[in-house]
Amino acid sequence: MKTFYGVSLPNPLMLGTAQYPSPAILAEAFRASNASVATVSLRREKGAGHDFWRLIQDLGVRVLPNTAGCHTVKEAVTTAQMAREVFETNWIKLEVIGHTDTLQPDPFALVEAAQILAEDGFEVFPYTTDDLVVAERLVEAGCQVLMPWGAPIGSGLGLSNVYALRTLRAHFPDIPLVIDAGLGLPSQAAAAMEMGYDGILLNTAVAKAGDPPAMARAFALAIEAGALAHGADPMEPRDMAAPSTPVVGKAWLA
Amino acid sequence: MKTFYGVSLPNPLMLGTAQYPSPAILAEAFRASNASVATVSLRREKGAGHDFWRLIQDLGVRVLPNTAGCHTVKEAVTTAQMAREVFETNWIKLEVIGHTDTLQPDPFALVEAAQILAEDGFEVFPYTTDDLVVAERLVEAGCQVLMPWGAPIGSGLGLSNVYALRTLRAHFPDIPLVIDAGLGLPSQAAAAMEMGYDGILLNTAVAKAGDPPAMARAFALAIEAGALAHGADPMEPRDMAAPSTPVVGKAWLA
Amino acid sequence: MKTFYGVSLPNPLMLGTAQYPSPAILAEAFRASNASVATVSLRREKGAGHDFWRLIQDLGVRVLPNTAGCHTVKEAVTTAQMAREVFETNWIKLEVIGHTDTLQPDPFALVEAAQILAEDGFEVFPYTTDDLVVAERLVEAGCQVLMPWGAPIGSGLGLSNVYALRTLRAHFPDIPLVIDAGLGLPSQAAAAMEMGYDGILLNTAVAKAGDPPAMARAFALAIEAGALAHGADPMEPRDMAAPSTPVVGKAWLA
Amino acid sequence: MKTFYGVSLPNPLMLGTAQYPSPAILAEAFRASNASVATVSLRREKGAGHDFWRLIQDLGVRVLPNTAGCHTVKEAVTTAQMAREVFETNWIKLEVIGHTDTLQPDPFALVEAAQILAEDGFEVFPYTTDDLVVAERLVEAGCQVLMPWGAPIGSGLGLSNVYALRTLRAHFPDIPLVIDAGLGLPSQAAAAMEMGYDGILLNTAVAKAGDPPAMARAFALAIEAGALAHGADPMEPRDMAAPSTPVVGKAWLA
Amino acid sequence: MKIILNGEPRDVAVQTLAALVDDAGFSERKIATAVNGDFVPAPARQDIELSEGDRIEIVSPMQGG
Amino acid sequence: MKIILNGEPRDVAVQTLAALVDDAGFSERKIATAVNGDFVPAPARQDIELSEGDRIEIVSPMQGG
Amino acid sequence: MKIILNGEPRDVAVQTLAALVDDAGFSERKIATAVNGDFVPAPARQDIELSEGDRIEIVSPMQGG
Amino acid sequence: MKIILNGEPRDVAVQTLAALVDDAGFSERKIATAVNGDFVPAPARQDIELSEGDRIEIVSPMQGG
């Protein structure tokens, strides 16, 4: 099983920590799903930071700080540096937003920032598109994990371009691939894992569900299901039907 | 949670017993998935019947005999009667095949046979299409469960007509609906459960997988995931993106 | 090219006559599309019938009366008989509605009515589902044309079950197949014709467009396009890319 | 109607000139489709160039030279310069291939080359992905036309990411958008035009069809159909059915 | 005599369906008729005696999809 | 007497269905029976006299989907 | 001296970034700092002399997706 | 002098690119030229002195997609 910068995760679900009705429900969602990674951010200290940090530490999971909301290389790099000091980890979920409506990555700034951070010793988890060439540049820049989007952040649309996601999987057999953003339902996460993806990063679909812990658990189960199915060598779909019950030995009852 | 003729099933997965590499693997698939129902058939006795029956009994699950391969009302009714005597259950998975290439149900013979069997005290699980009017006739005929196909038996194509399946669900809020036949991957089963379906009946996708027990478990997990998600009130998908990480308080690092 | 009860249509588009902003726009839509058939109905005479009939006659197209709104065999048969007298044609678009929400055909009543009408000398155009077995019954009942729905009447959803529609085409190579109802856009009509369908029957998508004559013409062109493509033996889609411009002879400009 | 660098095209179909069974069939395909633009390339002179050029000139269409097969900025720029001299046009279809399997554009080299060529007075038609940010960079670099791919060149897969293509259209209301590569069937071209695209560039789907002239004409008709439909304000699809034939005045025939 | 013509109660003096059609001024119109749910061809209208409570339908061409 | 047992022609001496089941050695088995397409419940087997050309089906549990 | 702290104008007496952090009562908190868009590691804060108009950012852990 | 013309080694006597084009019999043809990866416009060909090992490309119109 692939490792994330040498770390093997007990559970391929990475869960965001924003938008929950309450801190208690956030914690319950992590317990219910056994998510192994929590994404966090840095914001201007207004007093709440301390308690939130205590909450996250109590989850007993790995922390993956993000550079959410950064639109330039410099912003992203400085934010990453601050995150490394605060969260004491080299892991960074690198977001460099290229467009406000789609919140899609800016491939140009992303590759540049990834290069700077990788050289500076960071272990970069780039939030990227499903573009194969951009993915290759990120790997050349030093990324050992890729996190293509399924659809725009918070849209819940699922996997917009299955063809491109398959292509990525085929071209990077040894790089851990995580679907980051855009999923709305567990069946979509299962489908990604069935395609051979190595993990799923979620936030809105869980936090904005009516029952976040139940939805978190639903995603965790679907992810496990998809991974199992991928390993179990599924049947090939075919256009014609074929009886499951044996035909031989059927009684003649006309 | 809905009951199947008064019986509540601990697990919404119904698993077929045909096409496995070996009886041992069949048994392992049931253990791995905790499937609650096993479908079986009747064939001309050649000596193997006894051992197979012992195997099924050891699974400790409910048995759902089928009328697989029957093309006429009479064949189906006689087969059902023989099944009731042998398996000592009123449950019958009613198949009346209308076409050899698609193995699709014959709506006309199906409704007629369902009526006869229901009047004769059978508890009919009709393998039907996704046709709303046929479904209504089956309910009028006395069926308290409906089992629409997802796609042709053994095709592994998944849910061919999501629109029709949604319509069925909307029109029969109180009738247990089970997707019977056509699924190839767990994500498809999860999607059906997310739509509010009450169970999944499978055979080929599990038996013909490279690792049937793993695939059986994968389906069981996906089904649980889909059911949980359906109950957890999923977010509405939307076309525009929306940031998960809060925008307020972002540092100004230009 | 297939004929409709011995009549070869110059244009595979059949157009409805309801819901247009005005009679003038209706007429313009027929001119713009060269539709070869107009569907009409019978309603209680309130004085408007005469002018409408004049309008239709001036279109110079074949008339296909329908039994729209009929829910029983008797209603449909009586309506067909009245239509034959008024419109002086044996053609009848047989609709027997099975459900008010979906306006889907009632397969049972449909087959029964088709049989009665065929024996009475009608040339039946049955509005049916995409169910193969029902289709076979209709052919046995004497129908020499089949008109499966694409989606519910007036929904504009397009082709809900491409798999089933392909299956119908494959099983009835010699029977004219017309997609009746559910289309919203010309690309959907083109897709049906590319699959080898023989005609398209439309109403709402044209009448409710902002510019009905333009939309009518758009459908006519798309239908012609799809038919041409079907006859031109399209390339097989493939997963890998292949250069169109020759690679040999490329200059070396490194 | 939008212009392509000040030129309004009588027909939004741009047709490739490669892979035809014969020059005669190529010419016939152009006549049958009234394509308004022919894409051409430059290859090492082996004697055939002259006759081919004569053939193209006789088509009486605009010529759009490409930089097919170029993998670097320098190759693409030099090829464009040679093309401008030979074909005496500032138009250039800029291809900078980023990956041999998918033949997808290299977004980085593409933007760089576009900038150089635009500054040098070229009118650049960039073959790009459906990435919004890359598209914005191309426009900033001076491109007044964008040509996103539908799917990999020669795959015939159609529109792999409808969501992304819609997003592009929404963000560039005033820039001519042409689907370049990946289409296999006319219905796909119609769908792109229905979304508001301004043109279609094709080669393999026509040249590799059994009857290229018929397929070329089929695409031309489908494109016209899609454009008409886009302008005719299509109905909104809806989940419920709605009768087309009026309900009022229906006879009571029970 | 009270009948129901196209869904509306009517008190009529005429005896036959043909007379009713005349009376309603439809004789020249492009119409078809049904009595109590059964089709009555034009030639047969004069032979159809109306009875109390008959449901008469007189229909004509209309828009259809 | 010639019958057809599970699709194969058989020449049998027995008179009843019950005897045939015994004779075939199925009496202890988990089986069900049909004669000429009609179900025959276990208790009724002894009352069923076989006739020339009867189609007898004896079935038992088997894999099914 | 006028600076901008987390986006708000502040008039401060302190000389160094370290002092500002103390002054703001953040010294015990889990925070990171940046001056005019550049990261300043904790140990370096005491060496950073503030100047008129400096943009200081002091951030701490927060929810993220 | 040895050069590479359209990917093939050639031993040529001519001095200029223009002469090479003539020599190859392309002067009347619809062609464009590049030397060592750089475009050489037609008018400039006569000023381009060839040197040992130069990579010369002479291209003409061809099918394209």
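Per-chain residue numbering starts at 1, and chain names A, B, C, D, E, F, G and H are given in the order in which the chains are listed.
Assume contacts are C-beta pairs under 8 Å (C-beta built on N, C-alpha and C of every residue); 3 or more make two chains touch, one makes a residue touch a chain.
Computed from a predicted model, the values in this text were never measured in an experiment.
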{"item": "Length of the shortest touching-chain route, subunit B through to subunit F", "value": "1"}
{"item": "Subunit G and subunit F - chains in contact with each", "value": "A, B"}
{"item": "Identity of the chain that, by mean CA position, is farthest from subunit C", "value": "G"}
{"item": "Relative to subunit D, chain with the most remote C-alpha centre", "value": "F"}
{"item": "Geometric centre distance via CA averages, subunit H-subunit F, whole Å", "value": "93"}
{"item": "Mean-CA-position distance for subunit C and subunit B (Å)", "value": "34"}
{"item": "Centre distance in Å when subunit C and subunit G are each reduced to the mean of their C-alpha atoms", "value": "72"}
{"item": "Separation of mean Cα positions, subunit F and subunit A [Å, integer]", "value": "62"}
{"item": "Two or more partner chains touched - positions in subunit F", "value": "6-7, 34, 37, 57, 59, 62-65"}
{"item": "Contacts with two or more other chains, residues of subunit C listed in rising order", "value": "16, 18-19, 41-44, 66, 68, 74-75, 78, 82, 101-102, 104, 153, 157, 163, 181, 203-204, 239, 243-246, 249, 251, 253-254"}
{"item": "Contact footprint of subunit B on subunit F as seen in their complex", "value": "6-7, 26, 29-34, 37-39, 41-42, 57-65"}
{"item": "Residues of subunit A that touch subunit G when the two form their complex", "value": "16-20, 39-45, 48-50, 52-53, 56, 65-66, 68, 74-75, 78, 81-83, 85-87, 153, 181, 203-204"}
{"item": "Subunit D - residues contacting subunit C, complex", "value": "16, 18-19, 41-44, 46, 66, 68-70, 72, 74-75, 78-79, 82, 101-104, 152-158, 181, 184-188, 190-191, 194, 203-205, 207-212, 214-215, 217-222, 224-226, 228-229, 231-251, 253-254"}
{"item": "Contacting residues of subunit D [partner subunit E, same complex]", "value": "243-246, 249, 251-254"}
{"item": "For the subunit C and subunit B complex, residues of the former touching the latter", "value": "98-99, 101-102, 104-108, 111, 129, 131-134, 136-137, 151, 157, 160-161, 163-164, 167, 171"}
